[in-house]
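See the structures that follow.
In the two complexes that follow, subunit A is the common piece, with subunit B as its partner first and subunit C second.
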Partner chain A sequence: MEVTVKLFAYFRDGRFKEAASTLSDEETTPRNVIESLAIDMDDVGVIMVNNRHAAADYRLHNNDVLAIFPRIGGG
Partner chain B sequence: MRDMPNITAGDDLFSRNIGTFTQEQQARLQKSKVTIIGCGGLGGYVISELARMGTGCLNLCDPDFFSPSNINRQLFATSATLGVNKALAAAEAVQKLHDRTSVHALPGRFQDVQNTIFAETDVVVDCLDSINSRLELAGLCKKKMLPLVHGAVYSWYGQTGVQSVNGNLIQQLYASQQAIPDKKISVIACTVAVVASIQAAETCKLLLDIPSPLRDNWMSIDLKHMTFDLAINA
Partner chain C sequence: MADKIFRVNMTDLTTSIEDVPADWAGLGGRGLTSTIVAAEVEPTCHPLGHRNKIIIAPGMLSGTVAANSGRISIGAKSPLTGTIKEANAGGTAAQMLAKSGCKALIIEGLPKGDSWYNLHLTADSITINKETELIGKGNFAVIDAVADRLNDKHGVISIGQAGEMKLLSANISIKDPDSNLRSCGRGGLGAVLGSKRIKFISIAPTDAKVDIANQEAFTAANRTFTKALVDNPISQALGQYGTNVLVNIINESGGLPTRNFTSGQFDGHEAISGETMYDTIVEREGKPKHNCHKGCVIQCSQIYNDVNKAYKTSGFEYESIWAMGADCCVDNLDHIAEADHLMDDMGIDSIETSVAMAVAMEAGVLDFGDGAEVCRILKEEVANGTPLGHIIGCGAGNVGRTFGVTRVPVVKNQAIPAYDPRAIKGIGITYCTSTQGADHTMGYTIATNILGVGGSVDPLSKEGQIELSRNLQIATAAIDSTGMCLFIAFAALDDEKCLPALVDMLNARFGINLTADDVTSLGSTILKTEHDFNLAAGFTNKDDRLPEFFSEEPIAPHNVVWDISGEEIDTFWDF
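Coming up: the complex of A and B.
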């Protein structure tokens, strides 16, 4: 399965802004992608799939666009 | 020290706003009431800009006091205001700008602010620094049927958006993260000023019924890679 992964803010450092990713049959959720990129789940703020807010365990489909934003709360 | 010129009688205080705002819109701003929750980083710039645009009434709420580590990014934190309550210092600074903004300092927690303040508010601005407080404020605004302008910052990065009266934006942004302590606290002045300026612009547009793509939407701001992404198009 092919998905487009978009990273935001400091998640881009040492990684990428946007990349195509091939997922195996066992790795089908945003959580799997996040773990494969060595991003700490505690740092994740918002997950969006095809412009809609999604849960970490949402089941991804072929050609989905997955956007991962860090948690930002300072003022 | 030079004598202060008397600007109180001047008619052209907001003359350079005209062209961007009509005279009617400027008069509407003059009658508008905004409550700003948090008078530190984001709050400082939001307060200053809303006062300079000619907002008629600002309620400023913050229980905290200025400390040396605030000076890197908080507009009203100076060597002269160290140890002073942030809402009181901000109110004093606004009063020094001009007399067209009636300013009310609320030096305490927003949870303890009297209902009358929210009853006489058109827009609330979220300039808080804790996720739990942000969720609490968003719930309160929903209950009081008030629009909420959100902003948050970390390092080179920020986010801002507008929760409408019936919206759920803050829940969507933070609902799953209440229990996680925030360790990412580095913040720099340029990020704070950019995010706060967008909050001030969105507040102004709410007050003047000017539509915005940030309504019930949010934007991720990245000053390091210089990108501004509306979430819905991300």
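Coming up: the complex of A and C.
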């Protein structure tokens, strides 16, 4: 399964801004992707899949766009 | 030093220093400005006429060492919205006024004749002086002139050319610790100060300190409070990327108003994002972190340099960058920074003016994406007061009316800021019901709708949005009275030690025994006072609505419309 992974703010440091990722049949959740990138789950603020908020254990589908943000705010 | 009310009457050019009425003693910031406006301003008066008053008040904790407590509130009846108005900002003035024992400065009346004036405030006096040299000049020239005439330790509150011309988007600028500017931005308060023909107010430095009833308890509470702010991960991200960290997440959510509110995503988002801005600042040897007032531990401001590594702007905020960027389709951060600098100097609201520019783009006055032309219009037309400059400088609603545009994103004639209410419905309730026209800061539901702070409420669902907005609007009215920066709310919503420490500081400062419920009750009372003023000014529940295009034009990528009914919106006031 192919998904597009987008990272934001300091999650990009030493990683990437956007990349295609191939997931195995056993690893189909945002949590799997986050762990594979060595991002601490406690640092994650918001996960979106296809522009909608999603839980860490959401089941991803082929061609999904996964966006991972640290805890951020502004206004 | 005992707090006093400083009063200036511009009709007969007299001043007085008065005792604080008992009813006002427990108030500060927005709670005090709105209470005084409600008590002393006729709701139906012309905002630029002799019956309007302008009230300037530091917050309840301003002038103490409490972290992030240096916000100043300015209130009046707004010439842009016709409602009551409070706008707050950082800078040095709040702390200096509080140390001078000025609980509030009330400016009333209008001078006869065409002279201009400045005011000079010390710990025991306020004087009215004729001003000639600085008329027609921008805010930076005012700050330089005050430093030359007096010294650079003085506080400055001033208007630029926009305020002098009584443009309805004119703001009031506050000098920051580096002699740059912070803005009481929204609602045209600069036009009210301009109507009273006051170019600036200088505040003398003082060695006086504010009274603290229980110093030991105050110090302990401030330590807890400061730790909660510093430890909060959102505070830390604000320090690195500024508020502009929001461009990418709001774009990803589909709620970034683009091309005059016709899309929820902007192709050029990455070029104007907080991440790009941070890299640019570092590359050009600016400062990613900067505090707008002494004692701020979040430091969301920054120094943004131009390509030659020379200062261009500071306090370069998400709202301004969104408005001049995505809403006008300008994907060049340097054009946006130039526009931001020009707007700061002439003293005009960077949200209202940029949204007005996008409406002008829709009208064909200039092309979407033409950042150079935006800067030319600001510099040559608005700052010089040409007819086009007046049209744009009087706001988005005015541009729409002048050119026959129907897609005009305003509520109560104030431009809607950086979150589309169709895709983020909680903020739509805030825009509708805010006592001051469309204003995200009045009840920042983005925290819970998008950022996962203070729980989570689905941004696309109708469920829970009214209660969310109401709770946040009440809490915000209370925070705006303390002198605290609103960004303490991120820690307050998620760290259980933060809010009790704030209440403890209020109690230790004044020797009182407020509970958290009392603070909530203060927020409710302020909102109702403001709402009652608006009703008496002629507003009805029918004014608490979004423009009709939001209900009729679906916005990409979610293809949603605004679908919360008037009857549902009206339940906001059931408290």
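Here is the rule we go by: the second predicted complex is superposed on the first by the 72 of 75 C-alpha atoms of A that agree within 3 Å, B and C clash if a C-alpha of one lies under 4 Å from a C-alpha of the other, contacts with A are read in each partner's own complex, and residues count from 1 in each chain.
Going forward, a residue touches a chain if its C-beta (ideal position, glycine included) is under 8 Å from a C-beta of that chain, and two chains touch if they have at least 3 such contacts.
Quick caveat: nothing in here was measured; it's all calculated off a predicted structure.
Using the superposition on chain A described above, determine whether A:Glu35 touches subunit B (first), subunit C (second), both, or neither.
A:Glu35: touches no partner chain.
If we overlay the two complexes on their shared chain A, which of subunit B and subunit C does A:Glu27 touch? Say first, second, both or neither.
neither
Taking the superposition as given, does A:Tyr10 touch the first partner, subunit B, the second, subunit C, both, or neither?
In the superposition, A:Tyr10 touches subunit B and subunit C alike.
Does any part of subunit A touch subunit B in one structure and subunit C in the other, and if so which residues?
6, 8-10, 12, 17, 43, 45-46, 48, 51, 53, 67, 69-75
Applying the document's contact rule, which stretches of subunit A touch subunit B when the two form their complex?
Residues 6, 8-10, 12, 17, 42-43, 45-46, 48, 51, 53, 67, 69-75 of subunit A touch subunit B in their complex.
Contact residues on subunit C for subunit A in the complex?
233-234, 237-238, 240-246, 248-249, 252-254, 270, 274-275, 300, 318-319, 440-441, 444, 446-447, 450-453, 456, 458-460, 486-487, 490, 557-558
Which stretch or stretches of subunit B touch subunit A in the complex?
Touching subunit A from subunit B are residues 38, 40-43, 127-131, 134, 151-159, 172-174, 177, 180, 182, 184-185, 187, 220, 222, 224-225, 227, 229, 231-234.
Using the touch definition from the top, list the residues of subunit A that touch subunit C in their complex.
Interface residues on the subunit A side: 6, 8-10, 12, 17, 43, 45-46, 48, 51-53, 67, 69-75.
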